[in-house]
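Data first, discussion second: the structure below is written as structure tokens.
Letters A, B, C, D, E and F mark the chains as written, and numbering starts fresh at 1 in each.
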Amino acid sequence: MYNNYGPSYQEQRLQQMMEQKQLKDFMRMYSNLVSRCFDDCVSDFTSNKLGDKELTCVTRCTLKNMKMNERVGQRFAEENAKLMEEQAKLGN
Amino acid sequence: MYNNYGPSYQEQRLQQMMEQKQLKDFMRMYSNLVSRCFDDCVSDFTSNKLGDKELTCVTRCTLKNMKMNERVGQRFAEENAKLMEEQAKLGN
Amino acid sequence: MYNNYGPSYQEQRLQQMMEQKQLKDFMRMYSNLVSRCFDDCVSDFTSNKLGDKELTCVTRCTLKNMKMNERVGQRFAEENAKLMEEQAKLGN
Amino acid sequence: GMGQGQGQMDPNAQLAAAEQEMEMVTDMFARLGELCNKKCILQRYSDEDLTKAESVCIDRCVAKYFQVNREVSDKLAKLSQANQ
Amino acid sequence: GMGQGQGQMDPNAQLAAAEQEMEMVTDMFARLGELCNKKCILQRYSDEDLTKAESVCIDRCVAKYFQVNREVSDKLAKLSQANQ
Amino acid sequence: GMGQGQGQMDPNAQLAAAEQEMEMVTDMFARLGELCNKKCILQRYSDEDLTKAESVCIDRCVAKYFQVNREVSDKLAKLSQANQ
């Protein structure tokens, strides 16, 4: 499975690790959406089926939180790049 | 330790993984009971020893939460089986 | 890297595991300080820069929580030692 | 071993995938359990048994959690199709 | 195992058990620290030092957490004996 | 190392260090995301889009989180120098 010669071996292992991490991150984002939207939208247990109000809430919650995640991700990447630049200047 | 022939090797590894997971799940349930019952029952720090009211609370908390876990587990297993059936029909 | 003879091999592996754990614990304590002091001190987003009140709060928060951690650590070590003594007497 | 026949997945990868799936189920169970505890166990604690009301709440809470799970899953699937 | 003598546990399993035990202790410390912080540090933040009251609260909070730990442990042990 | 040249770190340790650093970044992102969600998304949910106010709040929230990160980091560095 691995090309066992020098630097590209490391690159392949790093690549595989990042792919696994991306998958893990996606699954975590999905789990977070489910628990958050359940917590925010569902408090009525007089029925065992989601009502219209709850379904609308869950849809808005899912979309809004995904957009929030996306924006946080963009700002985070910018700030993180700034931080690593500062650390490089300090010789970290 | 392992019988190194064909499918039963995989079965043994899977079995061992599930045993480790069961132990981990039990330890987590135990830790959750301790932190929840402490949080719910203990707020008075005029003494460094649990009082009678607190001890009663911790007993009820432990039993109630264990029964809750048990019921959640039963309903969860039923719902999860339904979910996997649906996914099988969709060819997932 | 490892001396591959008998007991000291185990000791080296245990030592390495404990060093990795100490590093992980320090990083977790650091992350906890950042999230707690942000949560406790920052609620005003009319500006994108920390104000004087917020900076003072973050300083106090950092120092106070570190001292709290230290004290909790001391009491925890004492209680944990007591617990292990009890378990030893019961033959655990 | 790894010579178990044509078209079969690497056994190590099989085990890792099974482990990952079990972790997902455990994670969902933990979150659901925490939220249904919060939303259904309102009295802390007048009794050591679940009341009838609490039991019914728990059943419906679990059912609704799985419905929210489907809704979010469907929404994400629609969004990724829209992006292709 | 590594052939280290009769009756000794496999060194890999020994190391895994030691690691598991340390994780349990770390987990308990984290939960206890979070809860005692919540219950004892009430002013956020008028000062950078622990007050006398906060220090006493922390000591008692840790002691009580360990007592709850024992109570739950004893209860679980009784229940599993009752089930045998 | 694995024979990749003089003065280079063991490749396994390199990979472990890269993994550890990625975990730190992921952890920071998760905490920051949770807190900015709590502090900026106040209406749950009148709309499926971010409002202008929420967007501005998020931007400033992320910026302030990184500033708190620096403040704590500087404070810890000063304290460890004082202890040497």
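To be clear about the criterion, a residue touches a chain if its C-beta (ideal position, glycine included) is under 8 Å from a C-beta of that chain, and two chains touch if they have at least 3 such contacts.
The structure displayed is predicted, hence computed values, not measured ones.
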| item | value |
| --- | --- |
| Required minimum of steps from chain A to chain F, each step between chains that touch | 1 |
| Chain labels contacting chain B and also chain F | none |
| C-F against B-D, pair bridged by the larger set of C-beta contacts | B-D |
| Chain centre separation in whole Å, for chain E relative to chain B (CA means) | 18 |
| Intercentroid distance (Cα basis), chain E paired with chain D, Å | 28 |
| Whole-Å gap separating chain C and chain E, where each centre is the average of the chain's CA atoms | 13 |
| Gap in Å, rounded to a whole number, between the CA centres of chain E and chain A | 31 |
| Per-residue multi-chain contacts in chain D, two or more chains | 32, 40, 59, 63, 69 |
| Residues of chain C engaged with two or more neighbouring chains | 41, 59, 63 |
| Chains listed in ring sequence, where chain A comes first and chain F follows it | A, F, C, E, B, D |
| Contact set on chain E toward chain B in their complex | 10, 24, 27-28, 31-32, 35, 39-40, 56-57, 59-61, 63-65, 67-69, 71-73, 75-76, 79 |
| Sites on chain B touched by chain E in the complex | 1, 27, 30-31, 33-35, 37-39, 41-43, 45, 47-50, 54-55, 58-59, 62-63, 66 |
| Residue ranges of chain A touching chain F (in the complex, touch as defined) | 6-7, 9-10, 13-14, 17-18, 21, 25, 28, 36, 40-41, 57, 59-61, 63-65, 67-69, 71-73, 75-76, 79-80, 82-83 |
| Of all residues in chain E, those that touch chain C in their complex | 4, 11, 14-15, 18-19, 22, 25-26, 29-30, 32-33, 36-37, 40-41, 44-50, 54-55, 58-59, 62-63, 66, 69-70 |
